[in-house]
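The same subunit A turns up in both complexes below, where it pairs with subunit B and then with subunit C.
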Partner chain A sequence: MNRIRAVARRELNAYFDSPIAYVFLTVFFVAALFTFFNINAFFSRGVADLRGLFDSIPFLMVLLVPALTMRLWAEETRQGTFEMLVTLPARDRELVLGKFLASWGLLAIGLALTLILPFTVSFMGDLDWGPVIGGYVGALLLGAAYLAVGQFVSATTENQILAFILAMVVCFVLYGIGVDAFTNLLPDRTAALFRSLGTGSRFESIARGVIDLRDLAYYASISGFFLAASVATLKIRRWA
Partner chain B sequence: MIEVRELRKNYGETQALKGVSFSIRQGEVVGLLGPNGAGKTTAMKILVGYLLAASGSARVDGLEVAEHPLEVQARIGYLPENAPSYHDMLAQDYLGFMAQMRGLDASRARTRIGTVAEECAIVRVLTRPISQLSKGYRQRVGLAAALLHDPPILILDEPTTGLDPNQIVEVRDLIRRMGRTKTVILSTHILPEVEASCDRAVILIDGQKRADGALGDLTRSHVQVVTVQVDDSAAAGAALGNLPGVSRVEEEPDADGFTRFRLHLDGDAPIGEHAAELVRGHGWKLRELRRDDRSLEQVFHELTETTGARA
Partner chain C sequence: MGRISSLLLTLALAGLNLVAFNLLLDGFSGARVDLTEERLYSISPATKRIVRSLEDDVTIYGYFSQRTHPQLAPLVPQVADLLEEYAALSGGRVHVEIIDPGEDESAAEEARERFGVEMMPFRMASKYEAGVVNAYFSVVLRYGDQYERYGFRDLIRVEPLPDGNFDVRLRNLEYDLTRALKKVVYSFRGSEELFERVESPMRLTLLASEGLPEIFQEIPEAVRTAAAELQEKGGEKFLFRELDPSTDDALADEMYRKYQAAPMSVGFFGGESFYLYGFLETEDRVEQLYLADEGISAATVREAIEDALRRQAPGFLKTVGLVVPEPELPEELMRQLQMQGQRLPQPPPEFEQVRRLLELDYQIASVDLNDAAGVPTEVDTLVVLRPENLPDRALYHLDQYLMRGGRVILCGGAFSAKLDAQGLRVDAVESGLDDWLSHLGVTIEKTLVLDDRNQSMLIPQTQMTALGPMRTFALEPYPYLVAVQEEGLVNDQLARAVGAVGLYWSSPISLDEERLAAQELNSMELLRSSERSWVDDDTTAISFVDYEVPEEGTEPQLLAVALTGRFESYFNEREIPAREILPAMDAGEAPPSTDVALTRSPETRLVVVSDADFLSDFVATTIGTTEGGFFEENLIFMQNLIDWTNLDNDMIGIRSRGAALRRLAPRESGKGMIEALNYAVPALVLLGLATLRWSRRRNVRPVVAPRPLGTIHSSGRTEG
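Here is the complex of A and B:
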């Protein structure tokens, strides 16, 4: 437990010691404002909700979350600290979990900054908080899934750029398989299956304020799977 | 304390270790010596639980490393080659992080960081980012981190590569001091390193152990040199050849009418006093009476040659 905390704290400090944290938070915030006001035309729709933000979050995160995970293991490998870290008397899963929590924490800070939107909206009109809370919980879980994917990818390379791009590709595939533009091409039954596997399509119901245990379980199992894959990767790297 | 039996390890087609065995007792300072690519680093990485051996056993305090990695790692302070550390951290923050990872509580961490910083002479640079430190300081910060939990065993991979001569002396002194209370294994391809720091050398060449012994034993040759001034060098050579344990005598002229005899011995038994007696009995003038020690370089060279010199 202490070791998980130590790793998480070190990683969080490393984020804020480098430009990554500030760039991520700024870009995330600006992009959230932009999608809220422009793309989804908050003012012209005249409805006091956050649909604009939540509709774009699954895709926004595909682009931004890999920036948080690209260095997690790739940088350790590059500067040789990987060997030092895994020969400490710590379990691999403690290391993976510590890094995961740090990245999740930074993502949570990014989401928290956008809370200014629902509060502003609630002054302007009658905001239904149910979908907002659902949306934020969903966004945290969706982000966790992407972060787990990103950490796994980072564990397989020492090249941060590669880790960034690969994580984006994998996250995009997870997102893309559930998008209407893709599922419309498929026969109905297959389409339903893919929609149920897409990270974005799952998110839609959550953003409507319907928190279904199956949706939570879906995100949790993606996160769990890729975190376990990260642990396995650390082990496999040492047999080589 | 450390038992390695028939250790084998392959990297793809390459056999890095071809059945290496050695054991190290508590308190020994042992140098793993060999050319680059001989398997020193691989052997160390297996001992610290970073790599898994293909076969064979590595035990620390009776614990099989592959089965009890955490217990073994808790007993070991390990400094990988080039002393990797987080360059974006302050030296003291790095040590603080390592102390937490070692499970030291806050107050013990503080005292231990103070102690190891003192021991490794890095107090002055504790508040500086590691990225700004010289290679010598980075090495010592790494060593300090390896010492935090006061481990009974230290494993150091090439602890002095890339350091300037002053820094090398400092790090060697440090290792010497550590060696008084700890079991130390260090690897190097620099021979004076072993002579300066170690009680014993294990020589690995091409994945195999080629020699293992106290430095004195490894470097002791079986040649006694006697340089004297005699009228009849043949008779003197014959007399020296009759000394106990001498199998063969070579003679070569030295300056000023002196002759140097090289007595090849059967064993390790000292022969100096017998030779001295003989010289005194005949009233020869003596210039030189010494055991012709081989340098580790020579030992090393001979071993490498017989393996079929690999670049």
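Here is the complex of A and C:
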């Protein structure tokens, strides 16, 4: 546990020592606020809720989360610190978990920066906080899944750009299989299955304000699987 | 390589396990937390209670096409899940069948023949498919040979989005289903079940003097006969006692304290005084029988008692008596048609929509206050919409209904709007109730309420363009359409939960605290206009949209109030208006009235709303249902009022939830400021974070102090 924490702290420091953290956080909150106010037209809609934010979060994360994970392992490989890291007393899964927690922490900071919105809305109207809490919980879970995917992709390559694009593609596919535009092309039974596999449709369910064990299990499974796959990749790279 | 392949195998197996685990969980819907304020996605306690209390089988059919509109497809499982929950709750009473009539000719035939379920055409506009898809989207609830059908429009709410798309959501299906269950099940209950459903016994107290005036002498016997019949049916559930306070001063005192029953006398002749009262009591309600009437027979007494029982036992459909103005043609049209020698058409009714919508929840009885028999005893709540020039006798019937313990909801202000060939017109309305209301302590002022917080109205405008004048429409704020929101919804349970109520061309209500106190009435404010509201009596100004909020004299105006307590009759010590005499019998003098007014009501409830337009067909078809209109919310408010007067809180909670959009408080200015602030705060936080980190880093001393050049030896690395 201590070692996980140490790895997480090292990674989080690394984020903030480079401009990555600041660029990510700025882009994240500006993009979130811009879609909320301008694209989803909060004022002219005139309804006191945060759908304008949460509707765009799954897509926003597909674009931005890979930027957090692309360097997690690719950078170590490129700088040649990979060998050093894997010979440290920390075990592979501690390294993976530590890096995961660091990136999750940064994402949480990004989400926290948008917390100004619910306060604004509750000041202007009678806001139901349930869907807001649900929305943020859902966003954290969704982010965790994407971060796990991103870390796995990063572990398989030493090219950051490749890691970024690949992670984006995988996240997009996971998101896309659940959206209506895609499921409409399928026969209904299959469509229902794909809807339940998509990351976005699960998120919508939580963002309504209903936290269902099934949705939690779904996100935990995705995150768990890709983190395990990252550990496996590290092992294979070491053995190879 | 063996290690690698076994590792990959482990990973693959773990993945499969996770998939299996998720599939296994999929059927498990119990573990969830509903965080929404109104528990929007959970079955309400009222539904649970009603579903569990079902005594006969109910079948709910869901007619859905497999191939349906893409935006409806995700809603089908939601509906199906809810239906299954009903089935699970009912312990086998509710059967659910999900049917795709598109797949099954005979099912389609049956759906059409039996329930009138048809396919609906939905327009599609996706990238891959365009055109129209015909699909089923209906729910039918069947009970015996009765059924209720819910089509697409009843089930779905479509909200336009700024990007031109539509947001498609389920309306309040649980409310629709539960109220249908409640109605369908309750209306089937016959009077033989009455006593089974009453929990505590009901007691009838007859106060009758020995020496009754001749015309009333038969009445005590009629009451006794009715009581004997009911005792036979109800056994211990029905108690009867007969008392004569006229010979027993102590008893007279007690009866006065308990029921405020004072000796009565016929008309203004003074005559000898006597007692003739009937009180029906259960644990939480007292009602008064109207006995001092020649027409009373054992049968009418029994009916009145059964009606009272039905009111007080749970599980019976409530009867709402609706008093609406006699529909009439606009004068001008009438004159025109008469001049042309045409037959006059049937005038359109003014409150047909609200009647139709209330019929979904209640038994609706049309009540004519001029009817010689007064308000029927079966009426649980009397809703009077825009009373106009009520004759004295009608007023007497209304008064005596309240005195019996009836519940009254009175809607009507000093003005009412009409749309005719000349455009919008607002006319003064004389209700004929002014004296009656002020006797109770309520005055509806003869002015109009204007409010800066209002609904906009589409106003025709003529614009000069290069091509000549052009007529356009623009949404303009219109101060006579008062949008009651937030702090204006004074009462939490009845009003606040609705989200908003729109009152149109309403008048301010003022309360006479002294009169209220004299009768020991409690008043409960329900609706108020905003701080920036004022009054005006100039009805010619109503077609102007340009307005300015006056500098002075703006204050919230009371627009709806509920009174509870024991009301004093307006006809106490006033002459009772004579019965209407049929013209054929009009042989000289009308005979003197033999009516004896009830002078004090038992504990009951009266609601006054200073507007009736808010529920009128005019509003329901125009401003109430266009963008920003409040008709839907107004209806919920009315249903809440009806349920509240009946002490029936079951549906109040479910009805309102999710129905009202949570609207932003309207504001014209400061939007840019708010938006800028929302960017500034996170930016500052981020800047703070960066500064903090930077300063911390500067203060951190390197673990190993730099040594002067040239003195580096070899050891540095290994100790770190």
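The rule is short, and it goes like this: the second predicted complex is superposed on the first by the 240 of 240 C-alpha atoms of A that agree within 3 Å, B and C clash if a C-alpha of one lies under 4 Å from a C-alpha of the other, contacts with A are read in each partner's own complex, and residues count from 1 in each chain.
Simple rule for what comes next: a residue touches a chain if its C-beta (ideal position, glycine included) is under 8 Å from a C-beta of that chain, and two chains touch if they have at least 3 such contacts.
The shown structure was predicted, so the numbers you read here are calculated from the model rather than taken from an experiment.
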item: Which superposed partner A:S196 touches (first subunit B, second subunit C, both, neither); value: second
item: Subunit B versus subunit C, judged by how many residues of subunit A each one touches; value: C
item: Contacts of A:W239 with subunit B and subunit C, given as first, second, both or neither; value: both
item: Partner chain(s) touched by A:T81 [first = subunit B, second = subunit C, both, neither]; value: first
item: First (subunit B), second (subunit C), both or neither touched by A:R71; value: neither
item: Which of subunit B and subunit C A:K99 touches, first, second, both or neither; value: neither
item: A:I116 touches, of subunit B and subunit C: first, second, both or neither?; value: second
item: Contacts on subunit A seen with subunit B and repeated with subunit C across the two complexes; value: 239-240
item: Of all residues in subunit A, those that touch subunit B in their complex; value: 2-3, 5-7, 9-10, 13-14, 17-18, 79-81, 83-84, 86-91, 238-240
item: Parts of subunit A lying in touch with subunit C, wherever the complex brings them together; value: 16, 22, 25-26, 29-30, 33, 37, 39-41, 43-49, 113-114, 116-117, 120-121, 124-131, 133-134, 180-181, 183-185, 188, 191-192, 195-196, 201, 208-214, 217-218, 221, 224-225, 228-229, 232, 235-236, 239-240
item: Subunit A contact footprint on subunit C (complex, rising order); value: 3-4, 7-8, 10-11, 14-15, 18-19, 21-22, 25-26, 28-29, 31-38, 40-41, 66-67, 70-71, 73-74, 77, 126-129, 161-163, 486, 499, 661-667, 671, 674-675, 677-679, 681-683, 685-686, 690, 693
item: Sites on subunit B touched by subunit A in the complex; value: 11, 45, 48-52, 69-71, 73-74, 76, 78, 80-82, 84-89, 93, 97-98, 100-103
